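Letters A, B, C, D, E and F mark the chains in the order given here, with residues in each chain numbered from 1 onward.
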Amino acid sequence: MIRIMGKISTGIRGLDEMLGGGLIPGRTYLVKGGPGAGKTTFAIQFLMEGVKKGENVLYVTLEEPLVTLVEDMRKLGFDLNHPKFNGIDATPVTEKTHLFAGAFYEEFGESFERLTTAIREKVEVEKYQRVAIDPLTMLKLTVKNELEYRKTFIGFLKALSKLGATVVITSDLRTSDIEEYLTSGVIELRTIEAGGKILRGIMVKKFRGSPFDEQIRPYRITDNGIEVYHTESLFVE
Amino acid sequence: MIRIMGKISTGIRGLDEMLGGGLIPGRTYLVKGGPGAGKTTFAIQFLMEGVKKGENVLYVTLEEPLVTLVEDMRKLGFDLNHPKFNGIDATPVTEKTHLFAGAFYEEFGESFERLTTAIREKVEVEKYQRVAIDPLTMLKLTVKNELEYRKTFIGFLKALSKLGATVVITSDLRTSDIEEYLTSGVIELRTIEAGGKILRGIMVKKFRGSPFDEQIRPYRITDNGIEVYHTESLFVE
Amino acid sequence: MIRIMGKISTGIRGLDEMLGGGLIPGRTYLVKGGPGAGKTTFAIQFLMEGVKKGENVLYVTLEEPLVTLVEDMRKLGFDLNHPKFNGIDATPVTEKTHLFAGAFYEEFGESFERLTTAIREKVEVEKYQRVAIDPLTMLKLTVKNELEYRKTFIGFLKALSKLGATVVITSDLRTSDIEEYLTSGVIELRTIEAGGKILRGIMVKKFRGSPFDEQIRPYRITDNGIEVYHTESLFVE
Amino acid sequence: MIRIMGKISTGIRGLDEMLGGGLIPGRTYLVKGGPGAGKTTFAIQFLMEGVKKGENVLYVTLEEPLVTLVEDMRKLGFDLNHPKFNGIDATPVTEKTHLFAGAFYEEFGESFERLTTAIREKVEVEKYQRVAIDPLTMLKLTVKNELEYRKTFIGFLKALSKLGATVVITSDLRTSDIEEYLTSGVIELRTIEAGGKILRGIMVKKFRGSPFDEQIRPYRITDNGIEVYHTESLFVE
Amino acid sequence: MIRIMGKISTGIRGLDEMLGGGLIPGRTYLVKGGPGAGKTTFAIQFLMEGVKKGENVLYVTLEEPLVTLVEDMRKLGFDLNHPKFNGIDATPVTEKTHLFAGAFYEEFGESFERLTTAIREKVEVEKYQRVAIDPLTMLKLTVKNELEYRKTFIGFLKALSKLGATVVITSDLRTSDIEEYLTSGVIELRTIEAGGKILRGIMVKKFRGSPFDEQIRPYRITDNGIEVYHTESLFVE
Amino acid sequence: MIRIMGKISTGIRGLDEMLGGGLIPGRTYLVKGGPGAGKTTFAIQFLMEGVKKGENVLYVTLEEPLVTLVEDMRKLGFDLNHPKFNGIDATPVTEKTHLFAGAFYEEFGESFERLTTAIREKVEVEKYQRVAIDPLTMLKLTVKNELEYRKTFIGFLKALSKLGATVVITSDLRTSDIEEYLTSGVIELRTIEAGGKILRGIMVKKFRGSPFDEQIRPYRITDNGIEVYHTESLFVE
């Protein structure tokens, strides 16, 4: 496959090859997967790859508390306490001491717009090369009206598009709506049960502006994060 | 298969053969496919085929910003900065500087009628031989009422039918409603997963006024756009 | 199979044999099939068979504009510009110059009753041996209330039943409601995908007052219209 | 299988054997089947068996007009113009000249209760050994409220239960509700598609107060009505 | 399997072995099965086993009239006219001459609470060792509000729990809600169609406080009631 | 697999190995399974493991009355009458004499918030190392509004997160919502029917902060509680 120049690495071994070199900078990508598929690890690897290159990165966590995440990622060799790594803890469960402290979580259900506004404000002040929002699912679960969600999401993407940052949004597998249409690419992390065995496969479903490997490839979550075996097939019959 | 005279080429190698020569001019066709199936590439190839023949063409983009599209299509060898190629950027995310600037996107959800009116006005002033609307899905996702959507869509088709242009509308696979009934033909781009491998197949589901190849044929998105292998079968068992 | 006397030909080679001679005159039949299955061709062949015998026939088109239909059917050797062939163009898209011109299409959504009334009035004045309504689907798609649809449809059938005409109503495959119960017979046109190949099969699901061939038989849309291979099986294993 | 004394014949060859002799008199049975499965033929055979034995029988038709039915059944050798055969034409489509003439059909949708009342009144005046209501489906399709339907149906069964007549109610396959619970037995007429071939099978799903053949048996609609092959299996592998 | 002491027999041969000796006294069990699966026979066998041992038992019938039931069960050798066998006829169809006569059935839909109150009152006055409610389905079908049903059902179970009786509640297979959670055990009667043959299998899905046979075992409804073949497998391949 | 230090044992043989040593203390885990899968046994084993080590534990029962549970667990060798074992009986059916006596169950449907508040109050006063809530399903079944449920559940988790206790929440298999996202791990107990045989398998779906065995492993409910065979495969082909 021809490697298109100007792409940036995902930080995930093997996946860059599937993408013909990496992601196109300045665009927004969707990473889909069920619970335990490795979405958070994906997001962190993507950001830490930027940190390694001296980029300023932003991580918005909506599911796992930032404190827990720092602890979990240390085991995979990722030190999130890096000056270039910026985190926003937008999880509903933990007690906030900074940005989202106070009244916010008493009205979590009505706060999608508020949250996206807060992120946009932060993003407009500082300059980031990479942004990850992990996962979008939580926001959707707390919004009553599908149409309202779409409108707010569109406004959110619009704000992100002005930043020039490459953005990775993670989401649950079941989400199959406006997110897939409005992002420049969709990567799926799948868990397949076959004969009592669990197989993990990664697949590029959509990648605007570039050819890509259309096959499902096996991947593993190792002690060094996600590894994609881009020259192998998922099933060997 | 007998080639019916007076048809026009789709610009897609192999597909014209499936259609017994091409599309019937002056009618509206539906191209269906999931994310990453190549709907946008299809629409662009269809329009650029007209440009090559000196036709005036119109592209209405609802998903991918026009700026990004111009950049992506250059890699496939299509130069959209051609005087005969006219684009309307109706994507919800990008900042507009021309036609749809201003209040519009603040009320995207209620704006289907407004958008269709705008397109009709543009189309009535200038004369186009080919029109592509890519994709219809975005409009549907932002409309609350199914019945209201149908009424507006009918009015939209009615306006298009007076133009004399050949129209290609792209849409998501899941759409299975009034669009399939009111268009003169339906072409499906499919992605089939078999044993961990991804196969791509194209199929003419409906083609009024002409016989057509009823089989599913393999296709690929190559460096020159979509290519259909109309003499091959999708499965070789 | 014993041929029951007094039946009339469908005009479709092979299908009459499946029906033990043809349709029972004066009754209403439902022809079901997806987009591209050949419902319109079926309806036209049924009517032109009557024209050949000197009968007065009526075609009500709800999907394809009458002008386009005349053009398309000429290629199959059917000349709709015959004095015995009467058409009502009730499509929502085309500009009407006669019967349904004017205010009607601005309120298409609420117009099922209005349309059926118009057809009934026409039918009560003139005398037809054969009537085709193609397809019913469009009417259903523009009606808000299922129950209201049923009531209007019942009133419509009631009016038709007084005419003495043999009526063919076409409909989408997904329709599985009051139409199947209140008509004297149901014929299905199916498209089956098997191993990347497309097979077309025709099946008589219900035929009151007569025995019939209960098997699915292959059919093709040829240059002379639909042909049914009533002595063959759909699958050869 | 032991034949329980005091049962009455269904009039259908082979089915009596499946039921260990026939139906238990004075109870209500449900016969389910899709369009074209033979529900009407079943109901008529059941009633004509009574007529042959000198019983007074009542047929309530809700789908096929009585006039058409008389004509259709003559071909199967059943003469419905017998003094012991009483019919109520409750079809929505035909013009009534007797019982249900007039205002009734203008309000068909709200008339379930009215219809059941009319049937009950007729039934209470005259004495019937066998009653068939064919099919219940039509009533359900015209009722807005599921709960209301259940209440009216319960009142209807209650009235029937006082008559001492054996009652057969036919219904669509999809009905899977209160009718199956409140009747003494359920017989299903099935159409199975296997490899492009159509197989017909009959099955006793429930038969209170008697053992029964639990297997699916093949049946055919012959020139003499339904015939059940109670010693054969549906599939021969 | 170790037999836990203090259990009571279900009265069904083979099932006691599956349950490691029988049911735990004083608890409530759910028996699920479709129409014709033998739920009523199960309930009666369970009660008559108590009668044989000199226990006072109560049967609440909601589907089959008590009169018919007495007649049907006599054929299986069960004499329900035993002084220890108490019945409440709560069927909606039959004319009541005792407990539930009068206004009740005119408002069947709103009467769940009324019925449960009546049963509770009866149960609180007299002392029963075994109680069967057959089937619960009827109650659910006549209740509008799922949440209201749950509340009333909880209150009902609460009253039953004070009695000290062992209770069997029968229910339709589709019921998969609060009943499965709040009862001490769930037994399923299944009908499996395989290759045109009908197989009957019984399965203990849940049995609190005891180990149990987790396999599906074949059963038959014989002239002596239900028999379970607890040492056999349902499928022999 | 590398054992991560500082984990705590689940008390279930074989499962600790699947989890690379056990659960991470101070986090909340979800155990999913259908009726009879062993969720309660899992919760009790988890708590009794703590009791063995001198920890203070809390069990909140929402389905099985505490009295019955004590009796059932004694048979598995677990003595719940231990001073370190604290129970809250929040079942809707039993008569309360302590905490939740009185008005509560008259309004069970509206009491999720009340219940969670009561648990939180208890938990805040006393100090527990392990908490089990068994099962969450009951709470969900009695809540009208999905969104309201999510908000209350988030508040509940937030309170639990401040305790420092390791929490196990059990839930029905069908639950596939916010619980899976907001907990640190998901363990599924599955019942698979294959050829009339029942197989039990356990699977770690998600386990934040640690690698884990991704395969489904067989388990059994023995006389000593749940046992996991972590070196075996569920299917042997």
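By definition in this document, a contact is a pair of C-beta atoms (placed from the backbone, for glycine too) under 8 Å apart; a residue touches a chain by one contact, two chains touch by 3 or more.
No experiment lies behind these values; they were computed from the predicted model shown.
Counting hops only between chains that touch, chain D reaches chain F in a minimum of 2.
Residue numbering at the chain E/chain F interface overlaps only partly, since under half of the positions present are found in both copies. Rounded to a multiple of 5, the Cα-based rotation taking chain A onto chain F is 60 degrees. Distance from the centre of chain C peaks at F, each centre being the average of the chain's Cα atoms. Distance between chain B and chain C, defined via averaged C-alpha coordinates, is recorded as 30 Å.
Computed from the mean C-alpha positions, the centre of chain B lies at a distance of 61 Å from the centre of chain E. In this assembly, the C-alpha centroid of chain C lies 52 Å from the C-alpha centroid of chain E.
The residues of chain D never reach two or more other chains; the list is empty. Judged by the touch criterion defined above, the protein chains form a single closed ring in which each chain touches exactly two others.
In the complex of the two chains, the chain E residues touching chain D come out as 34-36, 40, 63-65, 68, 71-72, 75, 92-95, 105, 108-109, 135, 137-138, 141-142, 144, 172, 193, 195-198, 200, 221-223.
Those residues of chain F that touch chain A in the shared complex are 2, 4, 27, 147, 150-151, 154, 157-158, 161-162, 177-178, 180-182, 184, 186, 201, 203-211, 214-216, 233-235, 237.
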